[in-house]
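Right after this note come the structures.
Two complexes are shown next, each including chain A; its partner changes from chain B in the first to chain C in the second.
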Partner chain A sequence: MIAIPFQNENMDRSLILSKLKVIVANYSHDKDALEYLTESTDFIKDLKINSANLVDVVLDVEEEFDIEIDNLSMERMLNVSAALEIITDKLKEK
Partner chain B sequence: MNKEEILTHLPYSKPFLFVDELLSIDENGSVGTYTYDKDLDFYKGHFKDHPVTPGVILTETMAQIGLVCLGIYLTATAASGLPGHVMLTSTAIDFMKPVFPGEKVTVTTEKVYFRFKKLHCNVQMTNEAGEVVCKGTISGMVTNKMNG
Partner chain C sequence: MIGNDIVDLRQAMLESNWRRKGYLDKLFSRTEQLWIEGTSKPTQMIWLLWSMKEAAYKIHSRRKNWRAFAPLKLICQTLEIKEELATGSIQCENITFFSQTILATDFIHTVVSEQYPMQAIKVNISTYNPGDCSYRSTDPATVSHHGRFLALAYLK
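Here is the complex of A and B:
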């Protein structure tokens, strides 16, 4: 009997998204973009996060999810959907 | 890269060079000194007839000795081996005591982290009496280019 992975994955994704939103809120300079955060929200263009604070977002993500983000992933992590994908992948590797 | 070589890589000159000597530097931090020349131009206006070193200059001194020297050292000793430029990205400094013209200060820096090109440091400045003048955190991005 197979469990219900589909539902679990969905729950995980929304949970990850809500945790990610708390993290980026600390560095965002656009309240509206933060309030209406979607998977296509861009950290730099929409949330107005600078490159130094983008590093803080990644370090906070590492701590919150107990994962390690490598340099390549860091360079890709420019919007919410990429961040969700990277976090999900790293959590699977654990 | 040794202490003297790091100083030659600093992108500043008078009147905006605020490092006289590096006492020590390694991958975890740096210690350096600077003596504020009493003839520095800003003393004429900060404040009128009562010269005191501006907080932004103390911050700059900590950034040059702490962040920039350490950033150059860390990039020069990394795999690529090219000394980088450091772009200041944030500061949070508390000021405890005034620094008057002619005073010599010592800056001590501890690296908190250097990841994804961001260098984040705890910094502290002491005067010749050993009293803490100001302290806090400074961070910057270490890049290959001068302005970005």
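Here is the complex of A and C:
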């Protein structure tokens, strides 16, 4: 990802991404995929997160960003880009 | 089509804390939570219900080319437990699936089918070795692994 320092929105996105990376690191079973994490990284296929731990990722995200993730959003929170989009949208709603 | 799911209870204990605030609400319907509250073995009930949902998801996701983390769309409708065997049904988007679960000391293993009564299914549970993919040549109908265990199910 290329960070563009002049645009606040992009800075926010990289900050969100770094916080998200810390969260998923707790559940990832593939340390290489974690190291080379990009927006297209899939939580299950790439990071090998156990599906039972996806709920922990969702709960950790809720706590870290002080947002509530509804069930429809949770359904599609399967990769980094979807998670970033959901977090950004929920933060805007606050 | 069939789907299966195995839960290594030791691995689940190490990796998941279902007592965490908000945890059960994200995974289980009100009725399912009442079953969990009403049993003397809540941990077993949680992984039993979870494996039913996961095994049903395996069929539904393949049939509909659907990918989602939607545990609340897979609703356990009926459940009967007799010693180490549980039979039940799961509903997802108006389709009903039927389940059979083995409740062992170390693991919980569920097989789900679209048919009732269920077709003849052979189950093989062994030690999981991440480097060994030789089981693929045996052409299992469905595969699940978790922690120490590899579970294969075959249509006879």
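Quick note on the criterion: the second predicted complex is superposed on the first by the 88 of 94 C-alpha atoms of A that agree within 3 Å, B and C clash if a C-alpha of one lies under 4 Å from a C-alpha of the other, contacts with A are read in each partner's own complex, and residues count from 1 in each chain.
In this section, a contact is a pair of C-beta atoms (placed from the backbone, for glycine too) under 8 Å apart; a residue touches a chain by one contact, two chains touch by 3 or more.
The model shown is predicted, which means the values in this text are computed figures rather than measured ones.
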item: Simultaneous placement of chain C and chain B on chain A, clash or fit; value: clash
item: Chain A residues touched - chain C or chain B, whichever exceeds; value: C
item: Which of chain B and chain C A:Val55 touches, first, second, both or neither; value: both
item: Which of chain B and chain C A:Leu91 touches, first, second, both or neither; value: neither
item: Partner chain in contact with A:Asn71 - chain B first, chain C second, else both or neither; value: both
item: Stretch of chain C penetrating chain B in the combined three-chain arrangement, among 26-34, 62-70, 116-124 or 134-142; value: 26-34
item: Contact residues common to both interfaces of chain A (with chain B and with chain C); value: 50-53, 55-56, 58-59, 71, 74
item: List of chain A residues in touch with chain B within their complex; value: 50-53, 55-56, 58-59, 71, 74
item: Touching residues on chain B, where the partner in the complex is chain A; value: 89-90, 113, 115-118, 139-141
item: Chain A residues touching chain C - in the complex, by the definition given at the top; value: 27, 50-56, 58-59, 62, 71, 74-78
item: Residue ranges of chain C in contact with chain A within the complex; value: 7, 12, 15-16, 20-23, 26-27, 50, 54, 67-73, 146
